[in-house]
Each structure stands twice: as structure tokens, then as C-alpha cells.
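Below you will find the structure I want to go over with you.
Chain nomenclature is as follows: A, B and C, assigned in order of appearance, with residue numbering initiated at 1 for each chain independently.
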């Protein structure tokens, strides 16, 4: 059902949803930017419509709402092992189409890769509903259209925010609320961005060869990339993690095992006990990540991992552009084709 | 909803010293296992790591653990009757069907012997299931030898070659890198001979190249990989190479696939 | 020609080497100026000077080759420059009201530099309003971070902008980027303990490098900015020395009040028999403890502040330097 609401009306809708849900959206975290006197836009819990920031892209993706940076898997005490309880109040995430498509990628890894379902991911993920934010303009570094992730249809509700008017379409009945019954009903279907400023051409997976992996283009990134891991931590689809075991009591009988985000650019990601490191050079890490995002993942799940949100471009302190890298990759793959 | 991350306590039945830094742990366990699979073993509060299963029967499994870090240091303090936490088994392991009726050579370097030990032992005990069986094992030095009793037992009536990179005054077996001793294998029908190569990355690389040079067919070579892993179930991402997850599709790979995997 | 040297000097004109020629010294607090004033400085140099402008070590401008009798005319013309200082005093047609307290210099600071912990220009302007006009010979500089590009350590008052890093353990991925960086580049205040970062508050100098290096925002800046105040550094012909830390984790208001009180301290203790006595030598003469007690009097200190119990200034005396031998 479609509705047209004033800003006040939409805020009232939010208040009514809040009784049943925790609501997350991009918010402004004042003075929490890394540079002095700068703010950061990040996903946070909102109290009211005004808290939502729609004019900028969030620096971090919404994945941390249900895939926490650090998550305790279990506590142990002597011989007992206990899985911690979580806040079971359902969650609504206001999300752009690219990110919504990104979450399907996370679902693929945690729920469909291998026979096991990720218990910790699933129990948080099941609590989440998505209200999609119509996104027609995008931002300077976005390339969702090239990645076919500009269109997302698996939303539970969708909004279009214009000056003083919010259009709302509710797909999941659970997101209906009393305020909507006295609201103008309209036909509303979201539209999707048709063109980004940045365009990439994904190399044909059938043409990617061993030579692509060994190509010299990756060497450039050995000198440019500083392996800080920001591209990994800001990415909506990066899902890697590492285990950490810690003891919490003095007698070491109480402790916890947790998982913590890991990134393929960060030192230690491929290190084995005993010291062997499979990707020592930062260019190799760039190659590993790039191929995963626009080649390897596709072979398992029939869609590319990268959704073109452009956050990795936004956050790279060395101004490495991932979209540029994809285009360079495509060039070498195309060149390789000509040589054959 | 089952939680695949929860480790289960198992009783240690026996601890056997192999070298100064390698111990074999025999743990009470009953369940389906395949040689070459691995368990995620852990001590809560210390850590968790993937360890190859190097032997098993109906009531127990064995793992040989090298002291290389925080977790394995701690495991070394465990004794008989202590508890070891495990979850698994994970990975494909060595499918015996691939070797039945074949002329097979197992080539193992150092701790790489652990994942193939059970499979070698099986065919030693069931020699009629293979056409021919040979084993080539390399260690760094005499003091690095693993499974000495097994090797002694296997050596009766079988072509078992043991070499060390560097011998000492008491060393009577072969010396030199494993690649030097490939010629000791019966290469009369090399086109149909099957080889299993397991060891450190460098050893596997040069050994497989040498085998191909000697006329082995790529599809007749099998390898087993070792990578960093945090989950063993295809989620944590550490062991991914190209589109392949070593924990799911491996750790045992045919060389035709393995040669395409670029870390 | 008759020139009252004291009057023109106080008016920010210099007695120059060239007979009958003076040079105008233009204050640029924080070294940052609206570009439009460059045109005015250019016209003074072209019309009254020799057509050149010197950029001073303290980030002002000096316009040489001016005739003394043009001072009145120039003062009228440069009124907008003095107005731009935003002082609380009434600006007149008679030029700069004092020159003793030197231009407040500053590095480019957080407006541009990623390392900057605060807007150094803003602080320079605030201090300018607090201390100017004044005839006591003070040198003050503000630097955006402990890299100290402005050489705050060579000033009577060197203000080093800092932040108190805030650690949110729930965002930490234990990548150790902050620890490695702090160990290699700063004081080694950070260490890992059971996958968490621990900050040694005694070693931490508040440079904010950990915040810059963190890929998840586990490290963020403190709500309030803090400052390290280093004092009584100097060059000169007797005893050059580096300024030493007087306060750390002080707030801006405390710093301003300390500087203000120091003017009163100088007024009470300066040796009036001398042509001028530099603040550092006054502190040497009366002692750090007296200085400390007097400048801290009636200041409401913030709870985070730490103040030096004793200060030992190093440096060297020219006259005692005996390490040289003729070769």
C-alpha cells in the first residue's frame, strides 16, 4: 500500500514503529570524524525522522548492525559453554538499494556457502527488516549501475523523501502502523538511478586467466596501498573475520571466544601459525580483493560481490580508486583476449 | 537452530611424543572420518586452529600437533585424561576410490605426513586394493622424523624411502631433498601412476613440477593444502583462493585444480 | 631629521640600516590572512617602500625602504589591516598601538593539515585579542600537533594542540595499526593486551595519530580539545634553549588565562632599570615556583590538567661553551 505523508506524519510513523522496532539509519556523529573538527556519517539508532542523514553517503556500511565488528560466540566457565543472549527486539534498517543488494551477498556467504548456516549471523539477520531509501542521484564515487545493483526489490517498505513530503510503500504488513490508516493513499513505486558519474566494465569471467592474476598492474598497488584495511571495514560486502580467545578471570577459568572483522588488506590475514604468509605484498592483497569482488564470488553465486557503493574509494587515504582498478583489470583482460 | 561454532569436549586418551616439537594426541571420538580431513581443535580462552586428522579407528582419532604458537604451546601442557575441545570433521579428505586398483606413490614432506598417514596406513594394511604402493618421505633432519614406528612397520616388504635434508653420523637412510629421490619410485608406467604430494608450500610446488617432468599426468597428482582458517565452514574467508574455499572443497585437490589456485 | 625612536618602534616601524629609511611591520596573527589585504600591502610597498616585501620569521610582513615622514600617511592607509585583527580596542588612524608582543605565529593547523588537532588560526586570533596591544616582549606560537612545525618549542609560550584519544573497544579489530604507528613514530604509548589496545596515559602525548590510523573509528577524538603548554624557550645571544612543558591536558581557557596572568607577573617583576628584560630571564631570576604560583593564582583549572612540579631548562650559555679547539 502506498501513502503520502508530511514530514510530521512520517515522524509519527517512525515513532509508532519504534514501539516494536529498533530503527537504524545514517546519522551524523558530531566531531567523530578522524580529522579534527569533522563529523562522520555512520549507521546509528534514530529517535526521530530528523536524525536521518540523507544528503551524504554513510562512511561505514550498515552491515555492523547485524554483523558486529566484535561478537562474542560463547562464554566459558570451567566446563560450561554458554552462548550470549542478544537483544531480540526486531530491527528496521533504512537502506539504499546498493547496500540492500550488498546484504544479499552477505547472506550468500553466511547462509549459503558450505552446508553450515552461520548461527550468529542468522539470529541477528532474522530480526531485520529493510525500508529502502529511493536513491536517484547517487554520489560522486558510486557505480551501482555498472554493478547491476542500482535496483533492489527485496525491501519490506520503501520511501521517497522530497521536501516536506515522504512517499511510502509498505510491502510487509508488519510495517503498517495506525498513523497510516488516516493517511492519503497513493500509488507509489520507487524509481532507481539510471546512470552514475563513474562507470566500470567488469571483465568477462570467461576471459580471466592465470595471466590476469600475474599481470604487472598489481605491482602498482604494492607501492601505493598501505594495507590500512579501510576498504575492507567500510565495504558492505566484506565478511571475513578472525577468532579471538580471551580469558576474563584471574584464575583463567572464565573467558570468551569471539569473532572480529578481518580484512584481506590487513597484515596477518593469510599468516599461518609458524609464520608463512601467502600474500606479503600489498599489490597481491589488492589483486586478491579485486578478483574476489568482481570475479571469484560470481563463480559461486552468479552475481558479483561488489555492489559499487564506492565507499572504498571514499575512505582510501592513498586515493586508490577501486572503480579505476576494475577498469584497468578489464583492459588487461581484453588485451589478453586479443593476444590469443 | 544448531550452532556449528560450539566446540565439544573430548577426552585425551594418549599423548605420544614424536619430536621435540611434535606430539600426537589420541582423543576419544566416534563418528565417520576420512583420512585427510581436519578438526578445529581448541582450548577455550586460548584459541582454535585447524589440525589434520592423522589416524582414527571406531573409538578414537589422532592428531599430530606442532608447537608453533599460543594455542599449540598450551595444548602441549595437556595430558592423558585432560579435555580437548573439537568441532568437525571438516574438509573432503582423501577419497580411497581415487586410488583403488592404481599404482600409487605417497610423497610427504615433514608434517605433511600427518594428513596422509591414515591413507598410507590403510593401503599398507590392504595392499590388495592397490596395484602398487610406494612411499617417499622427507624430513629436515633425523630429529624431525615423525611416526618412526609406523615407518618401520610400513618398511617391511614395501618400497618406503626416507630422506633427510641434512643427516648426522648415525643416519643410514637417504639424504637430500625429496625431489632428488623421485627416481627411486617405479616409473615404468608413469603415465598411469598416481601420486599424492603433501608438505610445505615450497616442497609441494617443486615436487609436483618434478613429477610432471618425469612424465606424471596432471590429473593423476593429488595434493593437500594448508591455509589459515578461522571457521572451517566457509564463512571466515581466510582460506579462500580464487573462488575455492580450502575448508569446503579441499584440503585435498587434484593437481589440475590445484595448479590454477593462486593465493 | 628628528625621529623619536621609541615612538616609531612602538608604532611597529623599525630603525633600519639605511639612514632616514624605516620599515613597517605588519602583524598577521596565525600567519593567515584574507587575500584581499595582500593588495593593500602591495600598494604600501609600491607607493612608499622600495617595492619589495619581506615575509618575516614570525609570519608577518615587513615593508622596507619607507621615509619616516610618510608614517602618518601610511598609518591611515593600513587602518583596514589593523581593523582586521578584530581587537577589542578602538582602531584609529595612528597605526599599530604596540609592537613589543610579537606576532602570534601558527602552523596551518586543522583547517588544512590532517594532523592538526585544532584550528590554530582561530586560537592565534583569540590570543592576539587577549595580549595585544602590549609592549612586553613576548613570543607566542601555536602548533596544530606535537610535530610542532611552527617551532612552539622556541617560544616564550608554545601551545601544542592535542586531543585525548577515546577508545571504543567494541569497534576494535585488533589490527594493531595504531600500536605499530605509535611505537615507530611517537612515544610507544600503545600496546596490545589480549587483543585490546592499552594506552599508557603517562606516555601519550595526545597527537591523535592513533585516530588517523584506525580503520574502524575505534579511536575518536575527545569532546574537548586539550593543549600542551611549553614555556620559556628562546634564541638570543646569551642562553638559547628549548621551551619546557609547563602544562599538559590544559583547556584553551586555562592557557589564555595563564598568558594573561604572565603579563601581570612581568609587570610586577621586570627589572625596570634595563631597557628591556625578556620574560624567560625574569622567570630565571625569580624562580619557576614563584612564576607558577603567581600565574596560576585564581585560575580555575580543568580536572584533566597536569602541571610540572619543577622545570629544568637546558640549552647552553655562549660564554661557557668551551668545546671548540682551533684546528
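Following the convention adopted for this analysis, a residue touches a chain if its C-beta (ideal position, glycine included) is under 8 Å from a C-beta of that chain, and two chains touch if they have at least 3 such contacts.
Quick caveat, the model's predicted, so the values are computed rather than measured.
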**Fill in**
Hop count on the shortest chain-contact route linking chain B and chain C comes to 2
**Prompt:** Counting only C-beta pairs in contact, which pair of chains has the most of them?
**Reply:** A-B
**Prompt:** Going by CA means, which chain is nearest the middle of everything shown?
**Reply:** A
**Request:** Measure off the straight-line distance from the CA centroid of chain B to the CA centroid of chain C, and report it in whole Å.
**Result:** 67
**Request:** Round to the nearest whole Å and give the separation of the Cα centres of chain A and chain C.
**Result:** 45
**Complete:** Per the C-alpha centroid definition, the whole-Å distance linking chain A and chain B comes out as 38
**Request:** Quick one: which residues in chain A touch 2 or more of the other chains?
**Result:** 246-247, 262
**Message:** Quick check on the complex: what are the chain A residues that touch chain C?
**Reply:** 31-32, 34-37, 40, 42, 59-60, 68-70, 228-230, 232-233, 244, 246-247, 260-263, 266-268
**Request:** Note which residues of chain B are touching chain A in the complex, please.
**Result:** 1-7, 9, 42-49, 66, 68-69, 71-72, 83, 200-201, 226-228, 230-231, 233-238, 240, 242-243, 245, 247-248, 260, 262-263
**Prompt:** Which of the residues in chain A come into contact with chain B in the complex?
**Reply:** 73-74, 76, 79, 81, 83, 109-110, 113-123, 210, 213-214, 239-243, 245-247, 252, 255-257, 259, 262, 264, 269-276, 278-279, 284, 288, 291-292, 295-300
**Prompt:** Along chain C, where are the residues that touch chain A in the complex?
**Reply:** 110, 114, 116-119, 144, 161, 163, 169-177, 194-195, 208, 211-217, 220-221, 223, 225
